[in-house]
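Two complexes are shown next, each including chain A; its partner changes from chain B in the first to chain C in the second.
And then the complex of A and B:
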């Protein structure tokens, strides 16, 4: 091979190497960008899903308070108290409604006493393993026999 | 590109080979990019429609509403039944479970715009809001009941006959789907049965205005029975909740002083209720309503 041939071979190899480097760099950039986009989409879909689940829970007749069939904007604490037993005995059914959430519970500001009225937390569904993102919304709790209201926070722990 | 057997020819070949490799790589990259960003074989559309319907159903299943959903392109929704659970296929793809939602719709609906409405099912407490989905209206004949949503469903599609219940089963039906019903003035509600294939079919019972509207949209016995399975399950769990609540009220330390539940011999303990959907009737519902009213009038906490 002549010197000119060697030179042209060298140039060709250089071009191939530079091209490969640019290609790999752009592929890395592209996939990183796509990955970030997928992560953002996933987060926004889960946000929508869990926020809509909070609305679904608040609207379920299993929790909503009513008087002679007329519903109002609160959750009935006496229903919440008995719900865990019902959800445990119908776990497959509630899994289809609540989907892949880890846990659903309601926190209440504590007061002194012994009755369900003084419960500081109603565990509605699932159990805590401490993982996942928490979505919450304030709710009004009605204690029908005490005829009193309290403020609670409905929380769900979603899987990310 | 011809490989010449001289020294210069080697360099020319390399350039051609390099151009081909680079071209193929760029082409693959572009095809891949296009596939990622276009609706490949309709998969993206079916996923988007599926997600949008799920979010919409979740948003409206707790309220009474009527709306329409426009996808800007023709979409086929196919409702089927898998082991007593409703499954939704969009454009023949991805069978999604409806996550406990009770949806009445024809087996197949195909359009770019869908009508969607909801109606609560009360027996007498609310068990669920049923979701209705349809594309074209129905032609009603006979004694069509005066219900707003039935009027909304009017159109030029399938012919459906409404008739007052005469307890004669499907024998007097013609060849069309016939809905026999009775109206109760006190409850302002309906009960009856459906003959899906006219006189050739067996009657299928329904209770309530919301289920009667559902019977209009269900185009087969199997479709209706599948939705009924979901309703039956909800009735059982919601009834269970009210039973637990009544037990709690009996045990409550504060309500008894203010409450006289033994009015007309009816109390919390009488609040037993038939959870068999096929046995549910006006008498059953009225009895439960009467117990609840007596409790409330006696100063007690109502069950529902």
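And then the complex of A and C:
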């Protein structure tokens, strides 16, 4: 083989090696990016789903305040207080509404006392040992026996 | 065995400039790719954040205006405060701060404006809480008829 041929072989080899390195690096980057994007899409879909669910829960007549058939923008604490029994006896129905959420509950700013007016948490659905992501929205709670409003944080724990 | 008499750094000027040109093109392509990827990701996240924050902002403002402080609702306290700047303003101011800190983990900006669109100030207490941010989602303002309004923004 002539010197020129050897030189050209060397250059070709170098080009192939560099090309392979760039190709492998690009493939690794591409797959990592795709994986991250899939994860983000999953997160985004779950985020939208659970935020829609928060909206649905706020609008459920089982919780919503109403007076003489007219609804107002708050949750009735007396309804929340007794809801657990209702959901347990109609679990199939509420499973279709709440889907695969692990837990739904409302946290209220604490005050002293034992009445439902002073309850600091309303457990609406599911158990409390989940590890899923928590989505929350502030809500207005109405206590009809006292004719007073408090602020609660409606929280749902979604699946991971 | 000797492959080449000239090492690679002694290539002709034309070859050197071609390699530099190629390198520049590759670098530009990489920058374009990174830019595209980052812009696309931001767009996706923004849509989801907008939906979530809008619900939070409106619901939070509604809950804040309805909550009872002692025997008065917050909206009534602020209304009275806008009419006659008395001691109820201090109660409203302190309660607002407590509730807002309890509700939000993220940055927010809440303010009460009088009819002239100035922030309400009573006894050196400014009815503006949190930090005004560049990008935010605003709740529909709560109007105190003929007196002013309350606005809430959640930073995104």
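Note that the second predicted complex is superposed on the first by the 131 of 160 C-alpha atoms of A that agree within 3 Å, B and C clash if a C-alpha of one lies under 4 Å from a C-alpha of the other, contacts with A are read in each partner's own complex, and residues count from 1 in each chain.
Assume contacts are C-beta pairs under 8 Å (C-beta built on N, C-alpha and C of every residue); 3 or more make two chains touch, one makes a residue touch a chain.
Only a predicted model underlies this, so the values are computations on that prediction, with no experimental measurement involved.
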item	value
Partner chain(s) touched by A:109 [first = chain B, second = chain C, both, neither]	second
First (chain B), second (chain C), both or neither touched by A:15	first
Chain B versus chain C as contact partner of A:48, first or second or both or neither	both
In the superposition, chain B vs chain C on chain A residues touched	B
Chain B versus chain C as contact partner of A:81, first or second or both or neither	first
Touched partner set for A:138, first chain B, second chain C, both or neither	second
Footprint overlap on chain A, comparing chain B with chain C	48, 55, 58
List of chain A residues in touch with chain C within their complex	3, 6-7, 10, 22, 33, 37, 40-41, 44, 47-48, 51, 54-55, 58, 73-74, 109, 135, 137-140, 142, 148-153
Contacting residues of chain A [partner chain B, same complex]	1-2, 5, 8-9, 12, 15-16, 19, 23, 27, 30, 34, 45, 48-49, 52-53, 55-56, 58-62, 66-69, 71, 76, 78-79, 81-83, 85-86, 89-90, 93, 96-97, 99, 115-116, 144-146
Residue ranges of chain B touching chain A (in the complex, touch as defined)	7-8, 10-11, 14-15, 18, 22, 25, 29, 33, 36, 51, 55, 58-59, 61-63, 85, 97, 99-100, 122, 124-128, 233, 237-238, 240-242, 244-245, 247-249, 252-255, 289, 292-293, 296, 301-302, 304
For the chain C and chain A complex, residues of the former touching the latter	2-5, 26, 37, 41, 44-45, 47-48, 51-52, 55-56, 59-60, 62-64, 66-68, 73, 99, 102-103
